[in-house]
Each structure stands twice: as C-alpha cells, then as structure tokens.
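Next up, some structures in structure tokens.
In what comes next, subunit A is part of two complexes: it sits with subunit B in the first one and with subunit C in the second one.
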Partner chain A sequence: MYRIKKTDLNALYAAIAKTSGLFIPIRRADEVNFAVWGEGKEVSLETLKTVKSPKNAFFPQTENMMKFKTEGKSVEVVDIRTEDKRPFVVFGVKACDVKAFEVLDRVFLAEPVDTFYQSRRNAITVVSLACSRPEESCFCTAFGIDPTAPEGDVTTWLDGEYLYWRANNQKGEALTEKLASLLEKCGEEAVEAQRSQTKEILKRLPLAALDLSRFKEENLNELFNDPRWAELSEACLGCGACTFVCPTCQCFDIRDFKTNSGVIRYRCWDSCMYSDFTLMAHGNSRTTQMQRYRQRFMHKLVYYPAQNGGLYSCVGCGRCVNKCPQNLNIVKVIKTLGGEKS
Partner chain B sequence: MNFDALIPKIGVITDIRKDTHDVKTFRVVGTDGKKPFEHLPGQCAMLSVPGVGEAMFSITSSPTNREYMEFSIKKCGCVTDVLHSMEVGQQIAIRGPYGRNFPVEEEFKGKDLLFIAGGIGLAPLRSVINYVRHYRANYGKIVIVYGARSKDDLVDIDEIKNEWMKEVNTEVYLTIDRAQEGWEGNVGFVPAYVKEIGVDPSMTAVLCGPPVMIKFTLQGLLELGFEKSRVYTTLELRMKCGVGKCGRCNVGDKFVCKDGPVFRMDELDELPDEY
Partner chain C sequence: MKEVESKMLERAKVLLESGEVARVIGWRKGAFCHDPEPASFESVDELKDFVYDYFCGANLSKYLIAESKKEGKTAVFLKPCDTYSFNQLVKEHRINREKIHVIAVECMAKLDIGKIKAKGLSAVTGVEVDGEQVKVQTLYGEAVLSKTEIVLAKCATCNKTHQVKDEEIVLHERPVRDVNRFAEVEALEQMTAEERFKFWREQLSKCIRCNACRNVCPACSCIKCVFDNPQSGVAAKANDDKFEEQLFHIIRAYHVAGRCTDCGECSRVCPQGIPLHLLNRKFIKDIDETYGEFQAGESAEGKTPLTEYRESDLEPKDVLKEGK
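Now for the complex of A and B:
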C-alpha cells in the first residue's frame, strides 16, 4: 500500500496527465461529472455521486462509427476510426460504477466483440475510490458490492490527510510505477479502520435490507404479469432521465447524418423508456408506458441476470432514485415486487 | 483495425423483380461480383441506404445459391421506400448474417415438412424450402400452404408453379382471401385452409406470416394434434445492431436478432407476451 498527501494530489494529476488522458470528477456549473482534467479544474473526489456515470469514458453518448461516400449509384464505406486510442486513466470511480463496467463489458465484449467499445476500454486504467460516507439512496450492498474496497486496476481511499493507493493488477502496477516518485509506502491500518467504520454506516442505511431473492429466471413470467406494474409506472413521463444517468443502461441507436463530405453513421444513447424505441413501420411491441417501464426494470433485475450468470444489471448507485422527476425508481419496484428482508 | 460487426460492406443490386404491387425482389452481390457472405436458411441481413438508415431483412435466397443473395421486400417504411425506388446497378450497404437459422440439418432431416406462409411471410420460408429441395433426398414429404390477399399478391408465383409444383413428393396449396376472376384455386384464409387439407400432425411445421395468421393457424395445428415443440416460426421486432448489444429487440431473456428470429412454439411459450 502507498499513500500521498491530499495537498499533493494536483501534482499526481499532472503526472498522470503527462502520459495519458485523465478523466476525473470535476465541478462545473455546480454539477460534478467525470471530465478531462486540466490545470485549474476543480476536482471533487469527495462528491459521492457524479450526476452522470463515468460510462461515457468508453461508451460515449454519441460516437461516429463510419462514413459513407456516395456518388451516382456507387457507395464507399470509409473507416474513420483512428488506429490507436490514447491511454486514459479514469480516476475516482466508486464501487458501484466499477461494477457497472463489468455489466457493460459483458454486453459489448461478448462475441461478436464491439471493437469501438473495446479499443477505448483497453486503453483505460481504472483508479477506483472507496466510499466512506454512503448516503440514504445508496444500495450497492444489496447487489453484493463492497463500497469500502472497490474493484478496479488501482483502489484508493481518502482518509485524514492522505489518499491511500493499492494496485490490484499489472495495469495498476504499471501506473503505480510511473508515479513512484510521488507515492510513499505505508501500512494498511488507516484504510482498515476506515473500512470498518464505513461498514457500520452501511448496516444502518435505509435500503440495506432490500430483498432480491424473488428476481430470478424462474419467476420471469410471474413478475412480468404482476398487475402492480400498472400502479408502479402510472406517473412515469417517459423522459428517459433514469436511463441516461444510469451506469449500466446500454441501449443505443444507430443513425445517419448527412454532411457536405458524405454521410456519417453514428451511434448514440437511446432509452427503452421512449415510445418510439420499438416502433416499426407496421406496429410497436410496447405501446404503453407501463410496458416500457416494466422493460427497464425486468431487464435489470431478471432478463440480464438470466443471460449473465445471475449478475444484476443494477449496481444500486441510486442515481435514478435521485433524478426521476416523478420520484419513481428501481427501489420501489424491488420493494413492491420483491419485498424486504425482515 | 479489426473488422467490426457493425460496419457494413458494399452490395450491388444486380436485378430487381417486381413481384406484386408492393413487393420487389432484389438480387445483391458484393463489389467483387460474388455473394456478399454465406448464410443459413432463416438468417437475416442488415441492408442500409446511406443517409436513410438500416433495416433488417430475412434472406430470401437459399444458401445453396452460390452466386447471389435475394431479398423479397415489402414497401412499408423509410428504408423500404427508398429501396423500391432504386435501379439496377445501385450500391447499398450490407452486413450479416444475423440470427439463428432453421435447424435444417439438426431437426428437419428425414422429416416430413409442412410450410405455411401468409403474404410476405413466404420470404424467409423460400430460403428453407429451396434448401430442402436442393438436398431433396435428405427430407421426407413436403407440403406447402401459401396464402395472400389476392392472386396478384402471391410473391414469385412463377417459381412456385414451375418448380415447386413439379418437385417430387411435394404438394403445394395456394389460397387467396376473396374470390377473384381468373382464380380457380382455393378461396379463404390460411388457418381454415390448413384444417381443410387435413395435414398429418406428425409433420414438422414452419409458420411465417402476419401475427393473426400465425395465431389462428397454430391453434388449428394444435387441434389437429401437432406438438408445439415441432412447430417453428420467426419473430420480427425492431432491430438496430443485429448482434445483441443495442437492446432494441429484447424480449424476456432473449434477443430476437441473436437468439431468433427462428423460434419453436414451445420456446415462445416461455417468453413474456411482448412480441
């Protein structure tokens, strides 16, 4: 284990930014989000939850995929991807968001591999940050996530005057080596003390007792046909905010954009909450907001786990709990359909 | 740079046949004049018109056709409208093949096969019917029931009359919804006609067509004693990526683009009713 004084963190960021890009929570216009670091930017590692998740580090909100050149009857496909992706460090990722990377990996890296995602993902070193002050809307522990020791290539802890640093694998060690002159060796006592303190807080969180045991493949049709979806979804506006802030939502659209020098085909985030998501020329398989609302949560709690060895596609970050203008969220769904442990 | 499944190649339209007032069949090859890629019966391809968009179509031609691919396409939306206005020689973008095919080798071999199609539903079936005809000795009796709104809506009637009707150990039954001058065949809907013909419930059946047709035909087949585990169909949902990533075609724990479009009726029973 290593440590660095909080007051020296700026030097650490500068050192990282010398050889790679640095993506870190930055405060701008009173909102903290992951953004590219630069001298003078206000880093806010203490912020528990960035408004948007860091998934745009390798799954950007919009991404150009290719270009078509057309002339008369002929069409040419132009590959506009650049050969090598610049290495990037994503710094300060919380346990829930790190887990969400695995959820996305299983989709995009499954055969056939999505090489747009893969090239970015491979270029990224994840430096995670343990949570010491989880709040009421957090429920990552319901999904078996330990916020006091997040996964990632490097794990860090903020405690007292220091940031503590531990490399978890080769990628993490390589980064540690580069920063060796700024890091000092230390013991694990401070980190262990913080971890047990945080664990006490976690036990007292209001959502700690969510019961997920009913959300399994064998109950798929029973949950799908539950009449309570109607009341659960009644107030939903279909605004899609919950899907855009969610670290695991992965649905995208593919569209063409005409420019003066050809047609750009790009992809962009989409939302299963939108009424035209499944619209076809001759019909729509989900015509009501209830169906769309049900799709989002059934996918996270039942369909995705059924396809991925039981891994849920919700990491309990609580963003949709905080952001829904109608106060709807996955917690209400879990409580209503699943119940709580006594 | 690695090949990415989302990046299409160029296809050239080398022939366009007008089948009905709203269906045209497009013949497509790669820029090298060869078939764009290999496929299996029932699989689909994503065709795109740059600037307009992409849409998924079942590949109508049989894999045994070594020279080109064919797509029978009904005019019913942005991409299909533009395709219908195209001329021979036009290039488009094409990627695939996508999805699970009909189990022609694993399950259909040695069996008596019943094909039931309504309207444009013949498109995916044509691929498997012609595959089975190509390896005729490997399969038992073939019964084909095909219905359309009118006699002018039967797609590629020439092939049906000149080839399918002359095939050994093969029966072809055609029907149209309403009586029409110059039509001497059956008049009536597909589900009723299938029951009238009196098909043998030990056959393996494949149904393709509009949802209502599938629903009532299946009901009829079950009454005749068919088992759901030997009745196949194809699903059609909105698709974007074709490779199980964009989330668009998700039904229950399946993606139609990857786990379908071919499903057995007993598999569909397991899925939530949302397709």
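Now for the complex of A and C:
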C-alpha cells in the first residue's frame, strides 16, 4: 500500500495527465460531474455522488458514428470518429459505479462487440475510491457491493490527510510505477480503521436491508402483471432524469443529421421513459407511461439478471432516488413489489 | 404542519366517503423523511400513506389536465403558488374547471433536501422545523440550520397568495416579506454581455437533456412537444456541449413567456441545478417593464400582454434601437 498527502494531489493529477487523459470529478457551475482534468479545475473527490455517472468516459451521451458523403449518385461512408485514442485514467470511481462498468461491459462487449465502446474501454485504467460517508439513498450493499473496498485497477481511500493507494492488477501496477516518485509506502492500519468505521454506518443505513429475493426470472409474469405498477408510476412525468444519471442505463438511439455536405449519423443516450422510445414503423410498443415505467424496472431487476447469470443491472448508487423530480424511484418499486410494503 | 396535515386528511376522508369526489390528489409518504411523492387517493384506505410536510414542494396543478378528463370529480390540495398554474391551465382550456375541487392549503415555504445536503450533511434520518430553525438528524450527528438558507429557490422570494379556492385549510398566514424576486435577474443584467454569456454557457453546459424542466412545467402542456415529434424535423435527443443545443432552454422560455407564472418547478427539478427560472423571470420582468405589470395566473380570464394588441405597444424596432 502507498499513500500521498492530500495537499500533493494536484501534482499526482498533473503526473497522470502528462501521459494519459484524466477523467475525474470536477465542480463546474456548482455541480460535480466527471470531466477532463486540467490545471485550475476544481477537483472534488469528497463528493459522494457525481450527478452523472462516469460511464460517459467510454459511453458518451452523444457521439458521431460516421458520415455519408453524397456526390451525384455515389455515396461515400467516412469514419469520423474523433475520440481521444490515448490511454486515460478514470479517477475517483465509487464502488457502485465500478460495478456498473461490468453491467455495461456485458452488453457492449458481447457479440457483436460495440467497437466504439470497446476502443475507449480498453484504453482506460480505473482508479476507484472507497466511500467513507455513505448516505441514506445508498443501497449498494443490497447488491453485494462493498463500498469500503471498491474494485478497479487501483483502489484508493481518502482521509483527512492522505490518499491511500493500492494496485489490484497489472494495469494498476503499471500506473503505480509511473507515479512512484510521488507515492510513499505505508501500512494498512489507517485504511482498515476507516473501513470498519464505514461498515458500522453501512449497517445503519435505512436501505441496508432491502430485500431483492422476489426479483427473479420465475416471478417474471407475476411481477409484470402486478396491478400496483399503476400506483407506482402515476406521478411519473416521463422525463429522462433517472435514466441519464443512472450508471447502468445503456439504451441509445441512432439518428441522422443532415448537413450541407452529407449526412452525419450519430448516436445518443435514449430513455425508456420517453414516448418515442423504440418507436417503429407500426407505432410504439409501449403506449402508456405505466408501461414505460414498468419496462425500466423490469429490465433492471428481472430481464437483465435473467440473461446475465443473476447480475442485477442496478448497483444501488441511489442517483435516481436523489434526482427524480417527483421522488419516484427503484427503491419504492423494490419495497412495494418485493413485499416490504403491501 | 402536522395540524394542517391532519385537517387535510380529515377533509379528504369526508370528500371520498361522501362520494363528493372520486379521488383526492395530494402526497404519499416516501422511503425517507424527505421524499413524498404526488399521489392520487381513491379510497379512505389508501389515505393511510397520506402526508403533507415541508418537503411537499411539487406543484400538483399539471396533473389536473389528466385528472379532469377522468370520470367524477377530483379534489386537489394546492399551495398558493400552485393556484397560479391552475388558473393559467384553466384559461388555456387544459383543465376542465367544473371537474376540480380546489382545497387551498397553507405553505410556509418548502425545504430543499439538496440544499440541506450541500451543507455537508448526509445520511439524513429526520428533519424537524421549529419556526426559523430546522433540526436535521443524520447518522453522523445532528445539526441546526437556518430555514431561510435551505428553502427551495422558488420559495425564497415567494409572496404569492391563493388565487383559487373552493375551500381552504389555512391555519397560519405566511407573513408578507420584503423580498425582490428580480434581484438575481438584475444582477445578471448588470453583467457585461461577455460575463452573462459565460454564466449561461457554464450553467447550460451541464444540461443532460432529460426534459425534466419541460415535463414538469405547467406552461408546457402541449400534447406532443415538437422536440419529441420525429416528424417535426427538429426532434432532438442529442446532448452536445454546443451553445446551439442549449438554445433549447431559451426557445422554451420564449414559448412560455407571458404564460409562465414563475412557479419555479423548472429549477426545483433540474438534476444539474441549472437556475432555469432566471430565464423565465427575465421575460416576466421585461413584460412588466414593456407592457405594464402582469402576473400570469392571477386570473383564469382575460387577455395577456402578449395576446393583446394596444396601439401604445412598443414596436420591435424601437426595442432594437434601445438595445435591450
């Protein structure tokens, strides 16, 4: 284990940024989101939850895919990918968000592989950061995640004075080596003390005992047909806030944009809450907000795990809990349909 | 507030039991002490989860567009600011007034859990309001905050009074305060064009195009928004950090100009904390200064500055000349 003084972190960021891109929680206009680091930017590792998850490091909200150049009757397809091919470090990723990378990987890296996603994903080194002040909307432990020892290529812990650093694999070792002059060796006592303290808080969190046992494939029909979806979804505005702050939401739309010199095909995050989601020639397969609402949670809690060995596509980050304009969220769904509220 | 809540509950029970209304629109208890959700109650039994507290900030008026189309009458609890939106929606023939029974309820300003957490408090387990003091319990200890610092942005400068009531449950009058709701707009007007551009550029660059502002907005009551219509040619889901994309908010502000009641829901719901209400307030201020003071939603009848022509109205070319 290594450590570095908090006051020296800027030197660490600069050292990382010398050889790779650095994506890190940065405060801009009062809110903290993952963004590209540069001198003078206000890094905020203390922020428990960035508004957006770090997934846009390799799954950006909007990206151009190709361009069709037309000349007379010929059409030329041009690769216009502009993404940074340099390796980059995503720094300060919380345990829930690291787990979410696995959820996304299973979608984008399964055959047929999404090469846009893959090229960026392969280029990143994940430096995770343990949580020491979880809040009431956190429920990652319900999904078996340990926020005091997040996965990632490197795991870090932050206390009042130091950032503690541990490489977990070769990729992590390689980064550690590059930064060796800034890191000093240390014992694990401080980290262990923080971990046990945090674990005490975790036990007392109001959502610590969230029961997911009913959400499995064999209950699919019963859950789908539950009349309580109507009540659960009645206040839903049909906005996309929950889906766009979610670390595991992965749906996108592909559209064409006409320019003077041809057509640009781009993709952008889509939301199953939107009325034109999966709109097809025959119309829409889900015509009411209740159906859209049900789709979102059935996907996260039943369909996805049924196809991925029981892995839920919710990691309990609680962003939707904090950000829904009308206070609807997955926790209320789990409590109501899971049997806690009847 | 507990007293008010029990009176509301009592009234809801009577209205439902007597069959006077088919449903009551209010708030249902959440998973924590600070996340009640708008809800429809159709039976006395369902009222067991009814709540009215300092976190019931949501404006229930827009839900009445759908509710007033349903069988039977709907009773609704409206705070002072919500009644302006209600009137405006009645004026625009979105709500069928006959089908709604408005119960005006006192407000006393609602709290913003985001602001409470921004004070460094997390794992909030309880919030008690005692006048100007708010005691917040958390798993990490207790804190006492000043209420003024943690009310919703829309409540901070509110002096609104109920414009509609079929009956009322008001046990305490909120004192009229000496506040200028245009202070923030004036500060923006004082900036140079470059500073102002930078301010909005920074703020709007956070937008994730989730449409929460539009969907919650009572003035945005189009059955299908042009931005959702694939046939419109301007349907847009892409979120690019270009100013062109961010014009969405400015276009929206134009569309609701003269109809926006300043209910402040846009800023309340924005996940990225963009002070969208300032765009609308700038328009309100401009309308006041150009056509005389006007408050949308004060009445469900009559013409509005932007739908009425008077010979004395300022010509666009004069506005251009003044460089406003």
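Keep in mind that, in the parts below, the second predicted complex is superposed on the first by the 335 of 342 C-alpha atoms of A that agree within 3 Å, B and C clash if a C-alpha of one lies under 4 Å from a C-alpha of the other, contacts with A are read in each partner's own complex, and residues count from 1 in each chain.
The rule is simple: a contact is a pair of C-beta atoms (placed from the backbone, for glycine too) under 8 Å apart; a residue touches a chain by one contact, two chains touch by 3 or more.
Computed from a predicted structure; not experimentally measured.
**Q** One more residue to check, A:R27. First (subunit B), second (subunit C), both or neither?
**A** It touches nothing on subunit B or subunit C.
**Q** Just checking: does A:R81 make contact with subunit B only, subunit C only, both, or neither of them? Give me first, second, both or neither.
**A** A:R81: touches subunit B, not subunit C.
**Q** Once the shared chain is lined up, is A:R214 touching subunit B (first), subunit C (second), both, or neither of them?
**A** After superposing on A, A:R214 lies clear of both subunit B and subunit C.
**Q** Does subunit B (first) or subunit C (second) touch A:D270, or do both, or does neither?
**A** Both partners, subunit B and subunit C.
**Q** Please work out whether A:K73 is in contact with subunit B alone, subunit C alone, both, or neither, and reply first, second, both or neither.
**A** Once the two structures are laid over each other on A, A:K73 reaches subunit B alone.
**Q** With the two structures laid over each other on chain A, which partner does A:N327 touch: subunit B (first), subunit C (second), both, or neither?
**A** A:N327 contacts subunit C only, not subunit B.
**Q** Is A:F244 contacted by the first partner subunit B, the second partner subunit C, both or neither?
**A** Second partner only.
**Q** Mind working out whether A:L48 is in touch with subunit B, subunit C, both or neither, as first, second, both or neither?
**A** second
**Q** Touching A:I254 in the superposition: subunit B (first), subunit C (second), both, neither?
**A** In the superposition, A:I254 touches subunit B alone.
**Q** Do subunit B and subunit C touch any of the same residues on subunit A, and if so, which?
**A** Shared contact residues on subunit A (touching subunit B in one complex, subunit C in the other): 253, 255, 270, 279.
**Q** Enumerate the contact residues on subunit A facing subunit B in the complex.
**A** Residues in contact with subunit B: 65-66, 68, 70, 73-77, 79, 81, 83, 107-108, 110, 112-116, 217, 220-221, 224-225, 250-256, 258, 262-263, 265, 267, 270, 272, 277-282, 285-286, 291, 295, 298-299, 302-303, 306-307.
**Q** For subunit A, which residues are in contact with subunit C within the complex?
**A** Residue list for subunit A touching subunit C: 28-31, 33, 48, 51-52, 61-62, 133-137, 201, 204-207, 231, 234-235, 237-241, 243-245, 253, 255, 257, 266, 268-271, 274-276, 279, 321-323, 325-329, 331-332, 335.
**Q** Give every residue of subunit C touching subunit A within the complex, in rising order.
**A** Against subunit A, subunit C makes touches at 30-32, 35-40, 58, 63, 114, 117, 122-125, 139-140, 202-203, 205-206, 208-212, 214-216, 224, 228-230, 235, 237-240, 265, 268-269, 271-274.
**Q** Quick check on the complex: what are the subunit B residues that touch subunit A?
**A** Going through subunit B, the ones touching subunit A are 1-10, 50-54, 76-78, 80, 87, 89-93, 236-238, 240-241, 243-248, 250-253, 270, 272-275.
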